[in-house]
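This report concerns only the one structure given below.
Read from first to last, the chains carry the letters A, B, C, D, E and F; within each, the first residue is number 1.
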Amino acid sequence: MMVTADDFLFKGLDKAGNTDNSLGLAVTQVFVMQLPGLNTLGISMARIDFAPNGGLNPPHTHPRATELLVVIEGTLYVGFITTNNTLISTTLEKGDVFVFPKGLVHFQKNVGYGNAVAISGLSSQNPGVQQVAKSLFGASNPAVDPSVLAKAFEIDPRLVQILQKKFSAAG
Amino acid sequence: MMVTADDFLFKGLDKAGNTDNSLGLAVTQVFVMQLPGLNTLGISMARIDFAPNGGLNPPHTHPRATELLVVIEGTLYVGFITTNNTLISTTLEKGDVFVFPKGLVHFQKNVGYGNAVAISGLSSQNPGVQQVAKSLFGASNPAVDPSVLAKAFEIDPRLVQILQKKFSAAG
Amino acid sequence: MMVTADDFLFKGLDKAGNTDNSLGLAVTQVFVMQLPGLNTLGISMARIDFAPNGGLNPPHTHPRATELLVVIEGTLYVGFITTNNTLISTTLEKGDVFVFPKGLVHFQKNVGYGNAVAISGLSSQNPGVQQVAKSLFGASNPAVDPSVLAKAFEIDPRLVQILQKKFSAAG
Amino acid sequence: MMVTADDFLFKGLDKAGNTDNSLGLAVTQVFVMQLPGLNTLGISMARIDFAPNGGLNPPHTHPRATELLVVIEGTLYVGFITTNNTLISTTLEKGDVFVFPKGLVHFQKNVGYGNAVAISGLSSQNPGVQQVAKSLFGASNPAVDPSVLAKAFEIDPRLVQILQKKFSAAG
Amino acid sequence: MMVTADDFLFKGLDKAGNTDNSLGLAVTQVFVMQLPGLNTLGISMARIDFAPNGGLNPPHTHPRATELLVVIEGTLYVGFITTNNTLISTTLEKGDVFVFPKGLVHFQKNVGYGNAVAISGLSSQNPGVQQVAKSLFGASNPAVDPSVLAKAFEIDPRLVQILQKKFSAAG
Amino acid sequence: MMVTADDFLFKGLDKAGNTDNSLGLAVTQVFVMQLPGLNTLGISMARIDFAPNGGLNPPHTHPRATELLVVIEGTLYVGFITTNNTLISTTLEKGDVFVFPKGLVHFQKNVGYGNAVAISGLSSQNPGVQQVAKSLFGASNPAVDPSVLAKAFEIDPRLVQILQKKFSAAG
């Protein structure tokens, strides 16, 4: 079987994703599923678009990768939380690069008036993404038992069920 | 410098931890900080004690390890959530062994009437632990901006601040 | 293909293995062959039962793993031998945890009056086990040339052949 | 010692490097030497600026990394050479992403009329860069024996010495 | 499927390769393609024969391996070039062992009057070999654009085309 | 601190080791302790000399490496034992290459009339060597309890003590 340049090529990362959603967020992944030539090579990429005034990449982890992000446009409030529950956060401007170490919960939020765009490199061809709120309150087949979430978040079980409905409706 | 058996020995994992806390939980870590002989060897251990009737190891991740848990006593409702937001859950009895793959959010809850005890092996000498709710709502120096959490969890910012007070008071 | 909780579950590690054999030993493996969900995850587990008064897990290696053992019941005399031929040994009681570094010859012996039980985590999904005496004297297809063993152990070739008969009869 | 956000932050990757040199090239590295927070995390980044009409990142390798490049601006002719001496090449436009597998010789050239800019993720915190021509003809302390290069490139030894002078003068 | 000794055996590394070629070089690889039992084991071997008076293993890299070479017969001028463009070189006699670190350009040349022979261990079952001159000037399907090589080597494009003809004729 | 060629050079692997000992064996290691330039590079080398008529490299393991051996001179009976207690053995002549997979017990014996010499590559800069008989019967500080060895090898405890004396006298 002949290998060609197309096996190593992904097109279109200059196109803004559609941020017309509740988070104001679009993530375009260039992982091994989208770019087969990455197989065994231990790296991948993503473009992240944030709607103006608060577009949010909500708290999430990459179970198998560190993320190294550069701001292409706009202003982002970003942070990750250490295993000692210390928040390491800052505000990034265009051209700033920030590290989100492997497996730690982190987030990015557009705190400027216009769009924001970032490009990230990730240290795995298959980094995985797990949004914390969605995974907990939106998990299905079946849902997480509400008592677990009520106790973990110190909230009323009825609030848990309201949140579970919201997240599962969001699909 | 002479190496002795003490460098490879940790004592006391038969002792129940103190579960007299809001979660009904005690975790005794045998990581490289507690057992220096583990250095470079890629494995560690933990004992987890759960109070009767609902003791909870709340949703958390190990940023650098898979966990392989065996139930020594009691009955546990356990689960992890995949990157497709599917919950993989089951109820474990004494002698059951369950896998929590690297970096994924998971939890264990005592659903029996008595104490529950588990022993886990972890695939790193320094696995790290990140409790999701505590890291997000209890992070300090400074706290996570409430607007991030309000939007991520689709809750009112005032509720976020109430939760942040609870978690930071809990220390 | 759907993944279910059963892919990550192994049942029955609370059951004592049958130690009614010449070594007084039973090892129940929870490796990737028994628990397919461990694939690629770099960890496995085992339960080891020792008959009273001398049940022995004889000198052996795990070619691909470090072992981290906790005593659940009983008293064990354990040790591993360094590449400088120094024995690192101690006596473990219930709740004691001990490290057997990757690839080194090690053993455990019940030195108490009752049964002894241990649980081990191993730093590979496929650690392998190689009992030293059995592999050398019991190897088949064909047997190891007796002259090799006679010289290595500084014993009479006739004794080697007696041992080879014993070990191959034991199967 | 306190860790702060500054340990994970690098500023200024939006600034074009100075391409006023014989290659028409500027590479801004964000490796572990420039961004200490990358230590042990297995990823790094670079910005590459190409002068109009032929700015060239000449054939080079990264001894310890795969490179995943995205074109931010301009048009690049790029390629890598396999161990079977097959050239895998293509022309990239803005938004195109291309993989240069670990350790293989590769190059990028600006084939548009304006500036070209690319951002790369690399699968090591310390990827290393080795420009082929410069390393061979410009190596010092001492230079490579000219007879080696003459035979390897099938050129006259006097030409080798001319090239060595050029490259060592360039410093 | 039965595994036999033949799966782990390669015969004939005592035979000199045919050095009757323009480089005066023969490399006999014992990589995973030649010796399937090496699969997953992270090591391979090669025998290198050099014709008298200048047999040359021209500048090349192993994209995935360090090479550790021992001289069996003869005298070799060897070197590798660091990422700082420093040449680390020396002359090796029979019995001398030298390290060529992972991914770096290196070469070996027979500087004695008789044949020279070396045996190398390599730190990958599939190290790969990339001859620098041949890969750049002899790459095919298609050739590297001459303007790239002219600028990289600071030579006339017509010389590039002459070299490309030589190398592609050599096959 | 300047790096020089001497950091990557080991001299004298052409010299036969002294095989005038009970095993008829000499192993010359080129590990990271002898050749510091191997640090982090994952490979090492050894020369093995065997006295005529039975020189033996007795059953041993490398806890952290696969060994790839080539016969330089003589005839060797070699083998390794799988974790299924199958012996994989053969007779090697000059120029034959054989694989001893990571961590498995293996041996080599001179079965020719003259000297035998082999060169091995090993897949770690610090492979370690553990001779099975010597480690078990010659371990010191303190010795292994004779009852362990008696039961493991199915021999009389008095024979164990005789062997322990022999091996500890040999030092």
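Note that in this section a contact is a pair of C-beta atoms (placed from the backbone, for glycine too) under 8 Å apart; a residue touches a chain by one contact, two chains touch by 3 or more.
What you see is a predicted model, and the numbers here were worked out from it, not measured in a lab.
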| item | value |
| --- | --- |
| Listed chain pair C-F, A-D or E-F that repeats interface A-B [over half of contact pairs the same by residue number] | C-F |
| Chain separated most widely from chain A, comparing mean CA positions | F |
| Euclidean distance of C-alpha centroids - chain D vs chain F, Å | 44 |
| Rounded Å distance between chain B and chain C, as computed from the means of their C-alpha atoms | 30 |
| Between chain E and chain B, distance of the C-alpha-averaged centres to the nearest whole Å | 51 |
| Junction residues of chain B - those touching two or more other chains | 79, 86, 89, 101-102 |
| Chain contact graph, described as a line, ring, star, complete graph or other shape | ring |
| Ring walk, chain A to chain B and onward | A, B, C, F, E, D |
| Footprint of chain B on chain C - complex, ascending | 3-6, 8-15, 30, 35, 37-38, 41-45, 65-66, 68, 70-72, 79, 82, 86, 88-90, 92, 94-102, 119-123 |
| Of chain E, residues touching chain D in the complex | 22-23, 54, 56, 58-59, 61-64, 77, 79, 81, 83, 85-87, 89, 101-105, 107, 109, 128-145, 147-149, 151-155, 159, 163, 166-167 |
